[in-house]
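Okay, so chain A shows up in both of these, paired with chain B first and chain C after.
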Partner chain A sequence: MAAYALLRSMSSSFSSVLPLLSRSGSLSPAPLAVKPLFRRTLASSSRFSAALKFTDKHEWVRVEDDGIIGTVGISNFAQEALGDVVYCGLPEVGTQLAQQDEFGALESVKAASELYSPLTGEVVEVNSLLADKPGLVNKSCYKDGWLMKMTIAKPAELDSLMDEAAYERYIRSIED
Partner chain B sequence: MLQLRRTLALLKGETGNQLARTGSSLPFLDSANNSSGLVLQSQSTDVYQNLALEDWIDAHVDLQQRGILLLWRNQPAVVIGRHQNPWSECNLPAMRKMGIALARRRSGGGTVFHDHGNLNLTFFASKKAYDRKRNLKVVTEALRRLRPNLDVRATDRFDILLNGHYKISGTASRLSRKSSYHHCTLLHSADRSALSTVLRPSCPGILSNATPSVPSPVANLIDHAPSLAWEELLEALVQQYNTEFGLSSVFTLVDPSSECVFPGVGNISTELRSWDWTFGRTPKFRVETLLELRDEHLPARCSAQLQMEVKGGQVESCRLDVPAGWLPLWLSRQLSDVLVGERFCPHRAAAAVTAMLRAEKGQFHSRLNNLCEAVLAMMG
Partner chain C sequence: MQGSRPLVRVVRLGLVSYQEGLRLQQVYVDRHRSGPAHSLLLCEHPPVYTTGIRHQPYPASRLDPLRLLGAEVHRANRGGLITFHGPGQLVCYPVLDLSGFRKSVRWYVAQLEKTVVSACGSLGVTATTSPHTGVWVGDNKICAMGIHCGRYVTSHGLALNCNTDLSWFSHIVPCGIEGKGVTSLSRELRRDVSVHEATPHLLAAFGEHFHCELSEDA
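So, the complex of A and B:
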C-alpha cells in the first residue's frame, strides 16, 4: 500500500510509463525500473517536487512544475470510504478560497461529502471530465480524477500538510 | 414512566422552561456523559429555519461522544437535494399558485414534499458513528411496536416501504469535517394530492447531469393505521431512539430562529432562502424543446425550436429557430440576445423582454408577444 502510494507521486512525465493502477492497487514489475529516478526527485527542492501533500480530510495537493499551481484531489482512502461518486459539485473558476474553506461536495450513494480546500488560493481550472464521468474520482483518484487546480497564494501552507509517509501513518491511526 | 409522561406533556405543547430545567442555557453544547442523549424538537415550521438549524448543529456541536435526534416538520414545501435541478424535479408554477416554498438542502438525494403530515427526523453523529441502517431501525421498530401488524421495511436504498410497495420514508445525508447527519422523512398524514401535483417537472426537454430523483408510489401511515396519532408516533420514536442507542435522553424544544441559543443561525437561513443557493446552484443544464406558436388573427400555427444552456441558473446561450416566414430572423435573434445573461426565471425574463415588445409596434407585435409567452411558460 505504501509502495503504491509512493510510486503514484512521481512526476507526470512518468505517467505513461506507470501502469494505470486499478482500485485494488496491484503492482506490476515494470515501475521498479524507475525507482532510482524517484529518489533523485525527492532530493531536489522538496516544496516544488511532484510529491503529494495530504490534509487530514483526505484531500491531496500536488504542486505543478511551475510551483504556482496546485492540483487538488481526494485520496484513495477517501474514495473508498465514499463509495461510487455520482456527482461532483465543484466551484467556479475564479473562486477565492482560504485554507480549509468548503469548496464543494462529492455526492455518492453514501452521502454528500463536503470538500475542504487544502490551501489558500484561487480556482483556475476545474476537471470538466467529471461532469459526465464522476466515477473517475473512484477509478483514478490521483490522476484522471483530479478535482480542481488552484493558485498557491501562501506556499508556507504546504509545510502544514502531511507528506505521504505521514499520511499513511495517519490513516493507520484512524483505522484502529 | 415519569420521563415518558414529561415527554408527552412536552409534545402536547406545555413548554415550561425546559432549558432552565436542564441547568444550562445551552444543554447541547455541554459535553455529556455517554448514557445521556439529546432529543430536540423544533418549534418552527419554516423549512429554511429548520434546515439552517441542522447545519448549525453540525457545525457547532461536538458530536464525537454522543449523537442528537432532531424532530421537525414544515409548512408545505418541496425540498430538493444538493445537486438537483428544480426545473426538472418540481412544478414551479403550481407551487407558486399554491404558496408552496422551494428549498435546496445541503445533503444529497432526491426531491421530497414536506407538510404538517410529514415528520422529519435528523440523526446527528460523528462520522465514525454514521449508520443509516441503525437509524432507520429506530423508525421501523417504533412502528412495529405501535402497530405490530404493519409491514414496514428499510430497503438497500434506505427507503422505508409499507407492504413492500409504498414509500413512507426517504433518506439523505451529509458528511462534513468531523460529523454527519442523516435525515429522513416519514409520511404520517401528508396531502398526497398536493404531493403528486408538485412533484412533476416544470420544464420539458431538460438535459442535465444533475442527480435525478427515483419516483415511487407513496402512502401515509394513517392510510394503513388510521388510529395512529401524531403524538403517539413521536413518543414511540423517541423511546425507540433511547432503546436502540442505550440512552436516557434529555428532551428539549428549540426555536431555530433564536440567535441567543444558535448564534449565526440567521445567516445560514438567509443563505438557504436566497435565489443564488436555491436556483443558482443548479448544475449546468441544457434545454431543447419545441415551442408551439399561434397567431390568433389568421389563424395560423408553427413550431419553433429552442435550445438554451443554463449555468448557475442564468441563461448562458440561447438559440431560437423560428421559421423565417413567421418572424424575421433578426427579431428572433434579438429575443435570444435579450435573454442571454438573465436568470432562467419567467419574471426576470418578462422584465427583460418588455422593452423589446414595446419597441416592436408593427405587424409582428402579436407574434413576438406569443413567442415571448411561450418562452416564459417554458421557464416554469
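So, the complex of A and C:
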C-alpha cells in the first residue's frame, strides 16, 4: 500500500518516475515492466477488483477503485423474488454496521423485506434516486439501483462472500 | 418440494390487543432459530389503526385524531399503508420459514391472496385479486394484507372482514388507495358471517394453497 501511495503522489510523467524507482529499494527492480502496469496490477488483485461478491441473502457488494468503499445492492434473483419495489427504507449516512446487521428494508407487494449488510463498516452514501424511483432496484439492480455505499472496515470479510460463479451455483441449488 | 408436506401449527389467540399480537408473533418468529417451526396465528383485535414501514404519509398530526375515535394506533414493520383491525375481522399471522416453501416473498403474498379468494369462494363470495395487493369484491376490499420478512421468516399477514363494523374505515383512506371502498363477508352475503364461521374455510384454503399439514394443539 505504501508503494502505491508513493506512486500516486508522484507526477504522472514517466520520466520523473524512473529516477525515483531506481533510488527506492522497495519498488520493483524492473521499472519498464512496472510503468503504468503497476497501478493496474494492484487494482486487479482479488480484493480490489470490480467484480461483485454476494451474500447468501442475495445482497452484492462491489469494491470501488480506491479499495476503501463498497457499493451495496441486491441481486437479480432477489429483485425478481420481491416483485415491484415501491419503497426503499435505507439507513442514515454515518450508521455503523456489522456484517449481517439489518440495514433497511425494501417494500414490494405489501411485503417489507429486510436487508442485511454484507460487510462491517460505516454508511457513507445512500442512493437518493430511489426515493422517487424505487423501481430502479428492479430495472437496474447492479447499476442504477444500488442501495448504499459503505466503508470496508474489515477487508478480510470479502473472502467470506461468494464470487459470481459460486453465487450462480448457490441460486441453482435453491431453485431445485 | 418433494418429500413430506410442511407442518404448520394453528394457534388460536382469541381477542388480543395489537401489541400482544406483535409480542406473540415475535415469540413464534424466534422459534425458527432452532429449526422449522411454521405456525399460523389466528386472532381478533380491539379497534386499532396500523401503518407500515412507509412513515411519511402518516405524521403524528394525521394519526392522533384516530385515537379520539376510541381506537389504538400503531406503527408496524410490515409492508402496506394504513388499515384498521377490529372485532368481527379475522386476523391471520402466518409465521412461516419460506425456506420450507419457496424463497420468494412475491410468491408468498400471491399464495396468501389465492388462499383468501378460495376461502371467500367456499363461503359463496366471488372475490378477486388486482394490481393492488389484497382481495377485492369489485372495487371494495374484503381482505387487507401486509407482511414482513426477515431471514425468510414471515410475520404480519392478512385481515379478512367477516362482520366488522365497516364505518371504522371511513376515517382513513384504506391502504392509501383513493376511490375504493371496503366490504365484508356479511355485507356480500347479506347475513351475519362471524369470524368463527369463516375460520375453517380460511384454514382449509391455506392447507390447499401452501400444500401443508395444519395441526392444532389439543
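By our rule, the second predicted complex is superposed on the first by the 132 of 176 C-alpha atoms of A that agree within 3 Å, B and C clash if a C-alpha of one lies under 4 Å from a C-alpha of the other, contacts with A are read in each partner's own complex, and residues count from 1 in each chain.
Here is the rule we go by: contacts are C-beta pairs under 8 Å (C-beta built on N, C-alpha and C of every residue); 3 or more make two chains touch, one makes a residue touch a chain.
The model shown is predicted, which means the values in this text are computed figures rather than measured ones.
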Quiz prompt | Superposition on chain A - do chain B and chain C clash or fit | solution = clash
Practice problem: Please indicate which partner A:D132 is in contact with in the superposed arrangement: first for chain B, second for chain C, both, or neither. | Solution: first
Exercise. Name the contact category of A:E92: first (chain B only), second (chain C only), both, or neither.
Key: first
Exercise. Could you say whether A:A165 touches chain B, chain C, both of them, or neither, answering first, second, both or neither?
Key: neither
Quiz prompt | First, second, both or neither for A:G83, with chain B first and chain C second | solution = second
Quiz item: In the superposed arrangement, does A:E107 touch chain B (first), chain C (second), both or neither?
Solution: both
Quiz item: Shared contact residues on chain A for chain B and chain C?
Solution: 57, 87, 89, 105, 107-108, 110-114, 116
Exercise. Please name which positions on chain C make contact with chain A in the complex.
Key: 52-54, 77-80, 103-110, 133-134, 145-151
Practice problem: Could you pull out which chain A residues touch chain B in their complex? | Solution: 57, 86-87, 89, 92, 105, 107-108, 110-114, 116, 131-132
Quiz item: Along chain A, where are the residues that touch chain C in the complex?
Solution: 57, 80-83, 87, 89, 102, 105, 107-114, 116, 174
Quiz item: Which residues of chain B touch chain A in their complex?
Solution: 81-83, 106-109, 130, 172-177, 180, 182, 209-211, 283-284, 312
